[in-house]
Every structure is written in C-alpha cells, then in structure tokens.
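The letters A, B, C and D name the chains in turn, as written, and every chain counts its residues from 1.
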Amino acid sequence: MIAAKNQPSWLRSLLCYETLLLAVLVIEWLIFYHYGTSTNRRGHLVGFGTLDRQFDILRHSCEIGLLALALTPVILTAGIDLSVGSLLGLCAIVFGKLWHDGGLSIPVAAALTLVVGAMGGGLNAGLITALRLPPLIVTLGTYSLFRGLAEAITQGAVTYTDFPSGFLFLGQERWNGLPMQAWLFLLMTVLVWILVHRTTWGRSFRVIGFSPEGARYAGLPVERRVSIVYILAGIIAALAALIYTARLGQAKADAGTGYELFAITAVVLGGTSIFGGRGSVTGTLLGVAAIAVLKNGLACLPVVIRLNAAEEISGLLTGALLLVALTGNAIPTFLKYLRAHRPAR
Amino acid sequence: MLSGPPTPPPLLTLRRAAKNFGGVRALRGVDFDLQAGEVHALLGENGAGKSTLIKIITGAHQPDAGEIIVAGRSLTGLTPSLAQQLGIACIYQQPALFPDLTVAENIGLRLEPAGSMRRINWSLRRQRAQELLTRVGADLSPEAEVRTLSMPEQQLVEIACAVGAGARIVVMDEPTASLTSREQDRLFTVVRELRSSGVGIIYISHRLDEIFALADRVTVLRDGESVGTHAVRAITHAGLIKLMVGREVDQLYPPTEFTGGEIVLELRDVDCAASGVNHVNLAVRAGEIFGLAGLVGAGRTELARVLFGLTPADRGEILIQGRPIAPRSPAAAVALGLAYVPEDRRRHGVVLELPIDQNITMAIHPRLFPNAWLKLGAEQKLALDFIRDLAVKCAGPQALGGSLSGGNQQKVSLARWLATQPKILILDEPTQGVDVGAKSEIHRIIRQLAKAGLAVIMISSDLPEILGMSDRIGVMRGGKLTAILPGQSDAHAVMAAALGQESEKGAA
Amino acid sequence: AKLMIAMMPKSKGNAYFISCKHGADRAAKELGFELLFDGPTDSNAAKQNEIVENWITLGVDVITVAAENKQGISTALRKAQKQGIKVITFDADALPDARSFFVNQATPQGIASGLMDEAARLCGAEGEFAIISATLTAGNQREWLKYIDERLAEKYPKMKLVAVRPCDDLKDKAQSEATALMSANPRLKLLMAICSPGVPGAAEAVKQAGKTGQVKVIGLGLPSENRRYVHEGVTDSVMLWKTEDLGYLTIYAAAAVARDELKPGATSFKAGSLGTFEIKGDNILLGQPFIFNRSNIDQFDF
Amino acid sequence: MNRYFREISVTVALGLVLLVMAACAPSFYQAQPLLSLITREAPTLVVMCGMALIIISRQIDISVGSQFSVCSIGAGLLAARGWPLVAVLPAAMMMGAGLGAFNGWLIAGLRLPSIVVTLATMVMLRQGLNLLQQGAFVNLPDNVQWFGLSQTTGQWTLVGTALSLLLGCGFFMRHVAAGRWVYAVGTDAEAARLAGIRPQWVTFLVFVFVGALTGLAATMNLVQSPQIQPLVGSGLELKVIAAVVVGGVAISGGRGNVWGAFAGLLLLACVSPALTHLHVEAYWEKAIQGMIILLAVVADGLRQRGLKGGHG
C-alpha cells in the first residue's frame, strides 16, 4: 500500500502495512519487556517478561482474537457483524443450559452449541442476503436479540457453574507448553488464513467487498459466499463462548458484553479496510496482538499500576493507536488524492 | 506572436497541459483552443487522454503543468465550482449524477446558484427540469429517482443539465455512446442550437461519422500528445484514422461465414414481469451472430439479464441445445455455458480495485481452481495470454482495473467471458466507447468466435455495427421482440421496426 | 519498606466504593501504608482478574477484594496467596480457600430483610411495591432479590412485588423506569432501589410525578446522593452500613493480617478509632446496616 | 411505488403499539407520566436529529454517547462553579462542537472512515472521562434545575426546544440548499464535487453540528435533575442509530428524513414503558427491542424484494 509501483516485489512486501504493524508490535514488546519486568518487592521475578504472564496474555486474548478472526472475512465482504459479542453470550448460556438442565454430556452440548452459533450466524446471513438488508442494521437488531434471548432464557438470574474439570481444561490448563485455548486459536487462525488467502472463496469475499454487483455479474454465488462468512462468524463466536465458559468456569447472560468493539478495533488496526476488499488475516492477528500487548504491558508497568488507572490508560492509548494506524494507512491514498487534485507548482 | 487569421480571441485555451497518474503519463503538453460558436471534436484511441483533458478543463483534475486560459484569464487552481461560474458545463463519460435523488433535484443541484442558505422552490425546480427534459427530448418524469433510470436515460439527464446551464463552453464526453439514433438526432439538434447561439462545444466521440456530421474542427490525441488540429472540411475519414492510430485501419466489417448450424439457444414465450420482458420467442444457432437492435429502454439489456439469471424469467421456456434450463443466478447461467458482457463496465464489467488477472479469471474459478485452491501462476499465465491476444494496453497483469481507459476495461471484461469458453456469448454494447482500432479488433474477435461455433447475441445501439456484423437482426420494442430481419437489411427497415412503424411485409 | 495494600472494588466509579475508599485512605494514613485502589469501571469479573494479576506483578503485601463473582476471582487470588501475598475480601466474598478473612458488612439476608422490613413498615405491611435493580445479571442483585422474595413470602403475605426493572446503573434510566412503573401501577405504594444510582433516580421520578409521600422511596444508597430528597420528603430512608467504616476496617484488618497480628481462630479485632469488632469464624462483622432518614442523615458526609 | 414506505410503516407500527396500549393498558395515557416520558426523551431527540444528518451524509458517529457524557460533566462542573445557565449552555455546545470538529477533521480532512474514527474517539472520551472523574456524581446548584423555572414550565420548555429543533431540521433538510447538499454528498460525494459542492466541508460541518447538538442535549438533560452521573449517555449512540435506521434513513446515505427517524425514536422509546404497563418481565425487553428493529427492516426488505424482483 505504501510502496510505489516500480519497486521490486520483495521491497514492496517489506513495506506493506503488516510489516509495519509487526515492527510496532516488536517495539512495543521490547519496551514492555524492558520496563515491565522486574524483581518485585517480594523478591519474585514478575511482570511482562515472565512466561506465566505471556501465557496469561495469550489466554485472555483468545476470545477477542477469535471474534476478530470471525469478523475479518465479514469485513472483507464490506459487511459488519455487531452481534458476535451477544451471540457469544447466547451460546454460553445455551451450552450451560444444555449441559446443566438438559443433562447432555459436554461434547454433545458443545457440538449443539456450535450448531446454535451457526444458526445465529445463519439468521444474520438470511436477513442480509435474502432480503438484501444492510448488515449494520441487521446485526444491530440481532445484537439486542441474542443478548435478550440469553437474558430471557436465564431470566437474567441463572449462572451455570461447576463444570467438570475435563471441560475447564480447555480454558485453564496448558497442553504441550501452550494454554489449551491458544492451540484452538492457532488452529482457527490457520484455517481462516487458508480460507481467506489461498482459496477462491477468500478471493470472492474480496470481490464482493469491492463490488457486490460486479461479483454477481461475474457469476460468483454472492449470496452463498456472504452467507458463509456470517455463518462462519457465528460458529467461531460459539467456539469463543465455549472457551470463555471454560476460562471463567461459568456461563452467564452477560458473557462477552462489548467484545464486538474490541474485535472490530483489532481487525481495523490490522489494516483491514472497513469498506471491504482490503485486508488480511495476518494483519488481524497482529492487530489482536498489538492491542493485547499494549493493554497487558501497560498494566505491568509499576508506574501505571500505581496510578490506579491501567484500564483507562490502555483504553486511551488503544484509541490513539487506532487513529495513528488509520492515519498512517491513509497517508498514501491521501497523498495520491492531493497529487490528483492540486497543481504541482 | 503569430499572426493568424483574424479570429476573435478563443473562449478557451490550453497551453502545454500535462498530467501524470502515478507512473502513467496521461497528457504530455497538449495545446488546445476552443472558439465561440464552434463544435470542436476531440478524437483519439482509448487511453489517449481525452477524458483527462476535459477533466482538466472542468477543474475535476488539476494539471501538473501548463496553463488554462478562459476568456483571456489565466487560471490556476480551477475547481468544478469555479469552472461552473466561468460558464463551463460538462457531460462526463460516466454520468456524474446522484442516484438517490430525483431527476429534478439532480438538475437543480447543478443549475441553481450557489448559496448555502437559499430556499428551495420545489415546484420551480420540477417545472424547469420538465422544460429541459422536453428540450433534449427525454421522456422522463422529473420525479423519477435517477437510480431507476437506464444508462442512456441518465445520459439524457446529463445533457439536460449541460443545456440548462446556459454555459458558454459545453463539454461532451461520448454523449452518444449509449444513445440510439433517434436520441442522437435530437441531441445533434440541441448541439446545433447551442452552436448557433455562440456556445463553444468540445465533443468527444469514437464515431467518425458523427464528427463529420457535427464538428467544425477536430483535434486528434495520441498517447497523451496532440497530433494536430484540423478543419473537418479539410480532412478525410481515412486521414483522420491514420492520424489517430498512426497507421491505416481497415474499417470494413469482417465478412460473415455463417452457413447455418444447430440451434443452441431457444426462447419460447419468455416473460419476466419484474423487468418488463414480454413473450419473447427466439432461436439462435451455433456460429450465428444475432444482433439485437432497439431504442433506449426497449428492453434488450433486460432480456439479456433474464437469460443470464439476473432477473429470472417467470414464464416460458429457455432451452440450450434442446434441453430446458432455468437459470436463477448468473452462477447457474455460467455453468450452463452462457456468458454476458454487460453494458455498464465500470459497475458490472470489471472490478476497478482488483488487478487485471483477477478480473479475467473471476468467472472461471471452478474450472481454473478445481479444488478451490488458488494457483497464481496459472492465473497470471492465462491473463498474459488474453492481454496479448486482445492487445490490452496496460502496465501488466497486476495493474488495477481502474487504471485502464474505458476501451481497455471493455477488453478485460470481454476477456473474462472468453475465458469461460462459453457456448453462448451475449454482448451488450461491446464497442461502446471503444476507439476505431480496438473496435475493428473486437469485431474481428467476435467473428472468429462465431466461426469457432459460438452463438453470439450482440446488443448494440450502433446501427452500422448491427447491420455490418449481424447474420440476423432482432428488433425490440417495449420488452417485446417485434421483428426479426435478415442480416442484410437496410437501416430504414430496422429503425422503422424499432419505432413501431413496421408493417408485416417488412419482416417477410 | 512501607507496606503496600491494594484494594479492589467491584466497580470503582460507584459512589458506594468511593466512600469505602475514603475510609480506607484514612486508615492507610493512620497506619502509614501505601494504598492502591483500582477496579473495573463497570462490574466485570474478567477485569478484576487482570487487576489482581497486576498487583501480583507489583508484589503488594495485601490484596483486598470485593468479588464480583466468587468463582471468577478465586483462581487469581489463590495465585497471589502462593506468592506470599495475603488476601482478604470485603463487601462480597470469594471462595473461602482463596482468602484468609472476609470483612462482612452485612449478610445478603440481613440486607434483604432490612430493606423488606423497612418497606413493610412504611406501607403498613400491605400493598404493591416495585424494585429497581442495577442490571439483570449482576450477582449480588440476584442474591438480594432472592432473599427479598423469601422474606416477602415468609412475613408479608399482603404485600405484592409487581415488577423488577433494571436501570443499568444509570440514574436517568432509573428515573424513566420509575415513571413508567408508577403510571402502570396506580396503586403502587413504594419503590425500592437496590443499586445506588437507582435511589436518586426513583426519587426524582416520584418528585416530578408529584407523588411525594404517596409513593415512598427507599433503597440502598449513600447519604450524600440522597440527602436532598430525604429532606424534601421524597425519599423516606436509605439503608446502608457505614461504608467509610467498611473501608477503614478492611484496611486495618489487612494490615493486621500482613503483620501476622490477626490469625485464624481470633474472635475479636480492634480497628483503630472504631473500636473492637466481633469475628465469627473467618468473618469480621461490621455490624448491622444503618438506616438513614431525615433525622440523622446530616450527620454523615459520605 | 412509494418513496416513503418505511416512514409510513414505522408510523403504522407506532400507531399499532399505541392502539394495543389503548386497548390493554389505558393507564399508559396519563398526561403527567407521558409528559415526563417525552421530556426524558427530548435530549435523545436532539441527538437523533444530528445523527440523522450524519447518516444521510453517509457517515456514522458512534462517539455521540461519550460526547454526551463529556459535555454533561463539563457543563455540570461549570454550573457547580456557579456559572449561570446562559453561559453554561453555549459552553456545552462549544465543547460538543469542538469534539465534533475533531471527528470531522479526521474524517473529512484526513479522509478516514467515520465508523473507525468515532469508535476510537468513543473509547478515548469515555476512558478519559473515567480517568478524570472516577465515576463521581456532580451535584448541581438549585437554580439549574428546570432553568430555575417551575417543573411543568421547564418540561414544556424542553419539549418545545426539542420539537422546534426537529421542525427546524426537517425544514432545513428539505427546503434549504445546504440541507440538500447533505443528501447530495451522501448519495455520491464525487458527483457532488463535480456539481460544485465541497463535500469535505459539508461532512466536517455536519460533524461539528452534531457535536453542538450533543452539547445542547447534554444541557437539556442536565436541567432535569439535581445531580449528574458520568455514566450518563452510555449506550445513547446505539439508541439513536437504531431509531434513525428503523425510521428509514438508509445507512448507505442519501435517503430518509428526520420525520421517519422521529417515528423510529418514538417507537423504540415506547417499548420499555409499554412493557412495564403490560406487566411483561424485564428480561424480555432486549429481545423485544431486537425483534422490533428486525421487523421494521424486514418489512421494508420484503417490500423492496417484491418490487424489484431480482434486481440488485
């Protein structure tokens, strides 16, 4: 995006947005490693540089990471899904209810939860494709609807807890060195990456993002492809719900409140254009990482902890980072615009 | 100073205007002038820089170098609104209208004076719009939303705007590209009226006969440079073409070699209420070029859309090689061997943000990538072949569709559908906005495809093209196929059928 | 070095906890400790976890927590304990093995029956009333509602709870809800708000509806936010323990635990200027909730 | 073929709700509670007018809720310091306009996508306010409430202000050139440029305008009670966006009007009190809100589909 046309291709790929973001991430990481790791007053080595902490960051960012992953293809098709956070909540409740009240075994309940996620995504998909409604409005409606159903099912009151330890393993333990959910997240990342970057489906998401009409005239099955991205988003949201439930050991109707905004922030920070067509899964991954590292790294700085406002400061900085990234990403197009519309004299 | 003939000072002068887009040098130091009361034609191949030149004149683009002098004033930093104040009006190649607003409001927004806090008089607006529409011969309601209009109808609204602006300089970038001869005649009358009232008109067209019919002087552009300005009276057809292309071009249509083949496509009583297609019966044979003529809004594009599954038929039968089919989506139609090169190439034909190679392979994903797995090498190779075969002028297969000129976009759009190796090819205005060189190239390709056994349906508003290329000519009116004429019909018979004056014996 | 005590409310913007903080600040000053006070801006179990992690990083000496959710926070607290950090809870307890003491301001039963009894007293133990809660899903609210229901069934059969409406901790929404509740239930005798923004919201609604005295308002809230309405006679009484004392006591207990002065098995505990408190098991009891009304509200400035 | 189908269908839906209420719970229609309800929605209505403009110009602003909070607290602090209301009001509007100008500069000046810019400023404003105010209420002096008038006069003043603003916006958007420019820019910014309109200025000014309106709305909310909470206005953005789109303003710009948005706002604002009157349990409320949003757009979608067939 930044490179001009006549540069060699290796240089162009080096200067792409993802590389810059990676650089930011590495710098961020090094700074926090340096200033955020210490032997604390109790004599323990603590902070950002400890392996435990790194794993915690990983564990805490998996759900939002999954939602960001789910949103990447959606945003590539120039759509949006505001309902993923609510769907996460609904799925968590459904899972809890199936297991607790329905007496189903964990795997069956989990499988059914994924089906419910797919159905939630399918509702979005149906309204968006069959009736040609704008995704923003449809998912604004289902944002309320899904959360409302979760509250209605539990009457707002029930919290499902006491899941068996075999299930909690999914969210709280390590397997082969990494937290269990990190493996799942990795697997999903690879799958979505392949889908988006290596298959004709991913290609058609982009075409639809740039020009839905053009895609239809080219004989691409637009409705089916668009449906797929929303259904996939629903399934991934359901998976995130399982992980969330396992991590916290409880399923409650307010699970995942506000997650959609974090996920969208991560996707956009990752360089995916909100207007569709442009973007990459790698970027999303880096975006999620950049936000998670910023948030957790800040919280490791003794200065920030003593200010008693880690959350506020990280919120402020995330917003600022987003604006800076956007501005940076927009500079080339802006310059191009200037060149086209102003005399060079 | 040179002492020329004693002409009054020109309305507009351009001196050494230059414009680059990134690496593309669209204009390199062009001189141009326009006198009051003349029609000055601009001619050149696709991508020669005509549209860029006029965008500089209207302030839509700022030149990188050079000078614009309007009425003796040298201008820097010309903007669209300043240009309007100076009396420059323009009909762009791509209608620059507001699709969500009504025709009346579109005209109002262009023509009413500036002033942000001004009251809007809606009835005056409507009345004025109605007058202008009548004047340019457009049978449109001022209350219609522009998005519901077809391309040619939108073009008419643009013309109405330009006429209404009372401008001293009117620029028309291929205004007739999608007009049929009746609107064209109407437009010519308007242009002549304007000229006689002292307006200077810059007129761009790829149709040479229009230039000879209308223009006083002609400036030819080649590769962003002016290769000379001539009085139309003093130059010949062939001379002009040579100036444009730099070589002689055979302007004759390649001869038909159609001798008859099996029926590939058959329509029986096809109806589509949503798009107004009404009881169409038709049979097209392998190797045949079936031309579809008609006036604006006659429903030819609509028929193509029905065939291609964009607006599925609700009654009747469509058969391909005798088998009944019911395409309900373009995807289904493509699988059945249909291909449709749409008329609005910027919206439907190419995806402007994607590179040429991806544009070309877009319709053949299932065949080129059978496991849904992308193979970029194969894609690139295929694209290079088409770029070579169709002589697409571009920086390479990775160049974005949007960086191409209109004609080259058309070739990419055509390439996409040739790549599907269809049985039936529907071409909607295949040479609209395409220069003579490329046009004869496309005609040759169409002929070749027919010879290879394709059934071709060619929709065109360019009557000579229909007459020259078609083996049979279908004429549509009001969504009905009203007549099918033999290929060697004369223009009168076709026009009569299109206008509905045709009698039964005409068809026999 | 100075001892460092960290205190976490359920949500730090909440006036209730801000008032706790005042007491805690006072205690920390008296004892010469450094006090950290941080929490989520909205009640959120996951964020509480993260903040505990931060404090482990810093290596504070004691962590005191008002747990949003028992299970949610306990893992992190156990981790802190493993690192030698002492943990006590206040306001809302975690699992017993994740902390050494719980500073118990009042049991949920105590709060619920206190509110219910006060409501019954004001209504003459009969008639309709409605409740405004924080959010539908907040854990403590659910618990209080449960005990209110129990108390109602047990002691006040002639009273009828007509509706429970959440206000999302927004005062303005509480006001709208209260307005609608009053017009939908013309025989409504009392509005009970069980979250602190709800009380002034309900009071404002009653005042604007001109039903002062006709519809009574009670709730859990701070004197400072309700003083005006209590004086105007809109709000009849606000129930709350002395929140400053809660903060003060918590910090004293934390300090004592840190210095190993307070050990399991103790039965009483002396907290600075407040005097001695009873310990029941591992619960340090603050005492009964306090009811503020027109006669005494001016004596309190939190 | 009716251009105003959505506006009409929303109004019909609103009418249905009101009819149901008349049949099932006539207690809904009592003058004082209704006036109270309308007064509470008056600031929302003001913000909604701004949001309608923004969406018509093909942008979106999800930071209005945070702007509202900042203006409320800012104005509250000024009032608490003894500023008279005549000074507080313009100050709040200036504050809002400033915040809007910042958004507008990023969106129109630097050409950044509005949904992301305002997402960032939403988070930043909210967190900044948390940082400074730590959630504490601001107590207001007595003379602020109802502008120092009586309650009924104050309520009517607020309702009157909001309604005249609605009328003004409606008139402006239909009959004043600048209003039509907003439509033109929302329909096609490039075409607007070629027609001599400066789309970037229009966009910028629309954001400034909505900021100023948010400041006005914050003040209108401020005078309604003796204290103000920093959380005030959270969730406001979703409420007004939902009202505007349910009321038929196209999210893709260029279509719709404030009247439809007004009907949408009334419809959504009615749901909660209506459920209370019908004695429906509170935990159904969000689900029903969601259903209403979906039904309103589905009705329109079905109609469009019926009209256009397979057209795209």
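Definition applied: contacts are C-beta pairs under 8 Å (C-beta built on N, C-alpha and C of every residue); 3 or more make two chains touch, one makes a residue touch a chain.
Everything quoted here is computed from the prediction, not taken from an experiment.
Here A-C and A-D are compared, and the pair linked by more C-beta contacts is A-D.
Rounded to whole angstrom units, the spacing between the C-alpha centres of subunit A and subunit C is 35. Averaged C-alpha coordinates put the centre of subunit A at 29 Å from the centre of subunit D.
Mean C-alpha positions place subunit B and subunit C at a centre distance of 74 Å. Distance from the subunit B centre to the subunit D centre is 44 Å, each centre being the mean of its Cα atoms. Residue positions 310 of subunit B each touch two or more of the other chains. Within subunit A, the positions touching two or more other chains are listed as 151, 154-156, 213, 216, 309, 311-312.
In subunit D, the residues that reach two or more other chains under the touch definition are 130, 250, 282-283, 312.
Touching pairs of chains, sorted by label, consist of A-B, A-C, A-D, B-D, C-D.
Note for the complex: subunit B touches subunit A at residues 21-23, 61-65, 76-77, 310, 329-331, 333-334, 340, 342, 347-354, 358, 362-363, 365-366, 369, 372-374, 395, 416, 420.
Note for the complex: subunit A touches subunit B at residues 4-6, 198-201, 203-204, 206-207, 210-211, 213-221, 223, 277-278, 336, 340-345. Within the complex, the subunit A residues that touch subunit C are 36, 40-44, 46-47, 53, 56, 60, 151, 154-157, 159, 161, 172, 248-250, 252-254, 296, 299-300, 302, 305-306, 308-312.
Interface residues of subunit A, counted against subunit D in their complex, comprise 80, 127, 130-134, 136-138, 140-149, 151-152, 154-156, 212-213, 216, 261, 264-265, 268, 273-275, 309, 311-313, 315-316, 318-320, 322-323, 326-327, 330, 333-334, 337.
Listed in rising order, the residues of subunit C touching subunit D in the complex are 11-15, 18, 41, 136, 162-166, 168-172, 175-177, 179-184, 186, 197, 200, 204-205, 208-210, 225, 228.
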